[in-house]
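Below you'll find the structures, each written out as structure tokens.
Shared between the two complexes below is chain A, which has chain B as its partner in the first and chain C in the second.
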Partner chain A sequence: MIWKRQIPILIVTIVGWITLLGWFIDQPDIQEFVNDDATQWFDILASFAIILGALNLIKLQVQKILYQKPGWIYSVVAVMGFLFAITAGFFVKGVDDSVAQWGAHVTTDGTLFKWMFDYMFSPMSATMFSLLAFFVASASYRAFRIRNFEATLLLVSGIIIMVGRVPIGSVISSWFVMYLIVLSAGIYINVWKKDMNTTFVFVAVGISIVTIAGFMYGWPIDKPGIFYLPAIQEWIYYYPNVAGARSIMIGIGLGIFATSIRYILGIERSYIGE
Partner chain B sequence: MSKIQDTFLKIGSIDRRWIFLIIAAVVIVPLIFPVGLPIRPTDTTKNVYDSIEKLPAGSKVLLSVEYSPSTRPENHPMTISILRHLFKNNHKVFITCLWPDGQFMAQDAINQVAKQEFNKTYGVDYVFLGFRPGNEAVVKGIVSNLRKLYTVDVYQKKIDEIPLMNGINNFKDFDFLFSSSAGFPGTIEWVQYASDPTGIPMASGVTSIQVNEVMPYVQAGQMVGVLAGMPGAAEYEALINQKGSATSGMDAQSVAHLVIVLFIILGNVSFFIERNRSKKY
Partner chain C sequence: MKDKQFWLVTGIIAFIFLLYWIMGHPYLYEDRIVMLITMFLMGSTLMYNVRYAQMGGEFYLRPIPGLKAVEEAVGRSTEMGRPILYVPGIQDMDQVETVAGVIVLGHVAKMTARYETSLNVPVSRSIVMKAAREACRESYMIEGRPDMFNEDMVHYLTDDQFAYAAGVNGIMVREKPAACMYMGKFYAESLILAETGNSIGAIQIAGTASQAQIPFFVTACDYTLIGEEFFAASAYLSKKPELIGGVRGQDMIKAAVIVTIIFSIIIMTLYDNTGIGFDVSKLLTIR
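Moving on, here comes the complex of A and B:
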């Protein structure tokens, strides 16, 4: 029991403390351990983890085939792909040593592994990612609804980012955006007051003001900047977005700190199966 | 009025396969017949360009490639443009990969830019160190002792035998870092473990979806700038005056974004009509 419980906890506690102290104590041995040795250990362990991960994958897929679980036919493809990649990576190079040595063959043109990457992995991977465009379009059509104030805010900022970020956004004049705002406000006034005369006066006055201002200033496409889509999207990126992202990052940081302390003090023991 | 509302309701319940077809059409048509919309470089992109422009000739630049074929249309034009800019200004380039797939992407960029366009000499003008497993531990390894981590390059040549590697022992020996990243491990790990602790300036090229999480580092000055998605890549192509796949992709992306916005508006009109009708009855 001591080998399965106390010793692993002791190792984690000692290594955790040393790594933590490495940031605060300027002692060469501790510094060397934290910066060199520990990272080397991590590399070695990561290499073994790849082997374990591969074995686990093949075990699960083979089990699925043997017991003919739902979708087992896809597991056949997975196992065949796995075996093909192993063969191309370790046994069949496809070229002479003069063209590429073992190791370098992975990225050398003409080898079986490079062929597999270029003509199997790349197109399939790109296809999967490309499908997102279709699903995003379909999902935004069905799910992006103005149900309440928060949803409206999300929708408006989403549209500004989508249009302002691409070149077409920079050819949309800020005056056009102002006209749109006047018309949208007119719709809101109409819903609120339910009086066509008020709505008409509001829209007519709004359009007149924008038009007169446009003639006065010569209709510059990017002025006033507050109505120019690329300028608005940059502002959204720089301020509201950064504020939100920072708060999330600080939250995550505090979470990592709390979890690390739990590991170092031996409170968190999920890594030994408890 | 009722007929118009019925039409909107019909549009609202359109089969999603029609949406797929329209999206396919609006992406393909501008790719075949480009409109050539003007590209306006943003400040974050200009800052990356200016930082590289300010580096003295022969500066040692670490280029980290961490993306896979799935995000190639966004990240690869950035890598190509940055390599072009670096070689044009006669800088020395050291290429590493935090992603295994990144090695293939980097090799592709090297073949195109270093070999075909600039005819640069391997080991003298650039070195391809390749991929090492370990995520952020690799970044820490490069910061503390690169030679412990990389004993051979990607072609299995000993690091000690490569002339360009003379005097390169750790991250502090570089003058600039550019990370072309599509996620973890990537830009954020380079900021946290390499650039910020050592003070070596860095910039990054990321996918559009990553811009949100990278922007705080740019605003805090921990990164000199960022190329934000395909638009960022197109802006950089405009700045180095060499158009590429990102520029040609911008027309398609512009039209596709407009169409998605149109879909959202139509969907909402249909939603309001439906809601008003259900309130009535």
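Moving on, here comes the complex of A and C:
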């Protein structure tokens, strides 16, 4: 039990304290351990552990093929890909030693491994990444559906940010936006009061005020600034957005700190299955 | 640790530090002293609350819908006879979010053992695979169902980000899990996973501290644990007093941070406009 419980906790505590206090101690050996050695140890461990992962992967895929479980044909592709990558990485370079030595062959043009990387792996990764564009569209559609006040706020700020960031946003006059606001408010008044006369008076007065103000000030495209889309989007982006993001960051930082302290002091032991 | 032992250890540490300080505190980065003191204060607040909880102090914990939904999701999967898919992020155990994800996995595994529901945990790092297996094994043992534990319920897919996303998507589309949980560190694959989960009609719960991915999860998942809620998940699910005490300590520190920000703004405004006071940003800036 001592090897499964006490020793791991002791290692976590000692290394945790050294790493934490290393930030405050001006001593080259400790700095070197914190910045280089500890991370290199982790990398070495992870490199050995990859064998476990690879064995697990191949075991499961071969089992699927042998027992012909549903979707076993995909496992055939996985196993073939695995074997091909190993062959290209360790056994067949595809070029002479004069072109590329073993080791350098993974990045040299013309080798089998590089061919596999450029013409199979990269396009497939790019395909998965490109799916993101469609998923963003479907997720945005769902998020922007007007269901409640928050969703409406999200929709309005989303439109302002999108339009305000593209060239067409800067040619939309702030007076046009003001007319739009008057008309939108008119819709709201109509829904609220359900009286056509009130709505008509509201919209007529609103449009008149905007028109008179426009003639008085000469219809400048970017004045008043609070109705100019690029200015509004900049304000949303740099103030409410940053404030919200920072509040989340503070919470995350405290969460990480509290969690780390719990590990270092041995209060939280779930990571060793306790 | 008993009260006497605790104060003895605290006293010894304080005495050693005092001695070190009197000796001229060699090797100490003096310009980081404010941060060191803040860290000790924060640590002490956490420890105070942990000990208070251990001694029987009771706290109110705000209910978090996302954590309540975990049991609901397991129950739904049981009723539908479909598995639960748990994704502990795409990073290694050197990320605290991955560790938190593995801890939450332990709690989820306890529930699946209790409800006799199958659990599928595809991982993208070998070390995470080993850690997640241990967490699941212990959970099944604790629940008295070691027979239900199968090593291959936690299995490795690949280290590559989009290959992993493709692998998990394939599992989702083929096995149609009733519940998908994403707890850990995520990057661009978050939306690919969550949207696929949404398309198969699974109940989805996400938890991450990856700030850029939170909006995607909020949009595509039924429940999302945002930032600190995710780190508090272990305390909520385990209901262990020492962990709950830590959450309370965290909230007290947060309140202190808010007060510090407000006072700093006032002091800074006064200093900038009237010259009264001092430049508080110099004191608080991390060097």
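Going forward, the second predicted complex is superposed on the first by the 225 of 274 C-alpha atoms of A that agree within 3 Å, B and C clash if a C-alpha of one lies under 4 Å from a C-alpha of the other, contacts with A are read in each partner's own complex, and residues count from 1 in each chain.
Assume a residue touches a chain if its C-beta (ideal position, glycine included) is under 8 Å from a C-beta of that chain, and two chains touch if they have at least 3 such contacts.
Because the structure is predicted, anything quoted here is derived from the model rather than measured.
Touch criterion met: A:245 reaches chain B and chain C at once. Once the two complexes are laid over each other on the shared chain, residue contacts for A:35 go to chain B alone; chain C is not touched.
Contact with chain B, but none with chain C, is seen for A:170 once the two complexes are overlaid on the shared chain. Of the two partner chains, chain C is the only one touched by A:57; chain B is not. When the two complexes are overlaid on their common chain A, residue A:73 makes contact with neither chain B nor chain C. Look at A:129: by the touch rule set out above, it reaches both chain B and chain C. Looking at the shared chain after the overlay, A:46 reaches both chain B and chain C.
Contact with chain C, but none with chain B, is seen for A:265 once the two complexes are overlaid on the shared chain. Of the two partner chains, both chain B and chain C are touched by A:138. In the superposition on the C-alpha atoms of chain A, the part of chain A touched by chain B in one complex and by chain C in the other spans residues 39, 42, 46, 50, 125, 128-129, 136, 138, 140, 142, 245, 249.
Looking at the complex, you find that chain A touches chain C at residues 20, 23-27, 39, 42, 45-46, 49-54, 56-57, 60, 70-71, 74, 124-125, 128-129, 131-132, 135-136, 138-140, 142-143, 245, 248-252, 254-263, 265, 267-268, 270-274. Note for the complex: chain A touches chain B at residues 35-36, 39-40, 42-43, 46-47, 50, 101-104, 106-107, 114, 117-118, 121-123, 125-126, 128-129, 133-134, 136-138, 140-142, 144-146, 155, 159, 162-163, 165-171, 230, 234, 237-238, 241-242, 244-246, 249.
Partner chain A is touched in their complex by these residues of chain C: 27-29, 32-33, 35-36, 39, 42-43, 46-47, 50, 92, 94, 96, 99-100, 102-103, 106, 125-127, 129-131, 134-135, 137-139, 152, 155-163, 165-166, 170, 174, 188-189, 191-192, 194-195, 209, 211, 214, 216, 218-220, 226-228, 230-232, 234, 238, 242-243, 246-247, 249-250, 253-254, 257.
Across the complex, chain A is touched by residues 16, 19-20, 22-24, 27, 37-40, 42-43, 68-73, 101, 103-104, 107, 130, 132-135, 137-138, 140-141, 143-145, 148-149, 152, 154-156, 208, 211-213, 215-216, 219, 228-229, 231, 234, 250-251, 253-261, 263-264, 266-268, 271-272 of chain B.
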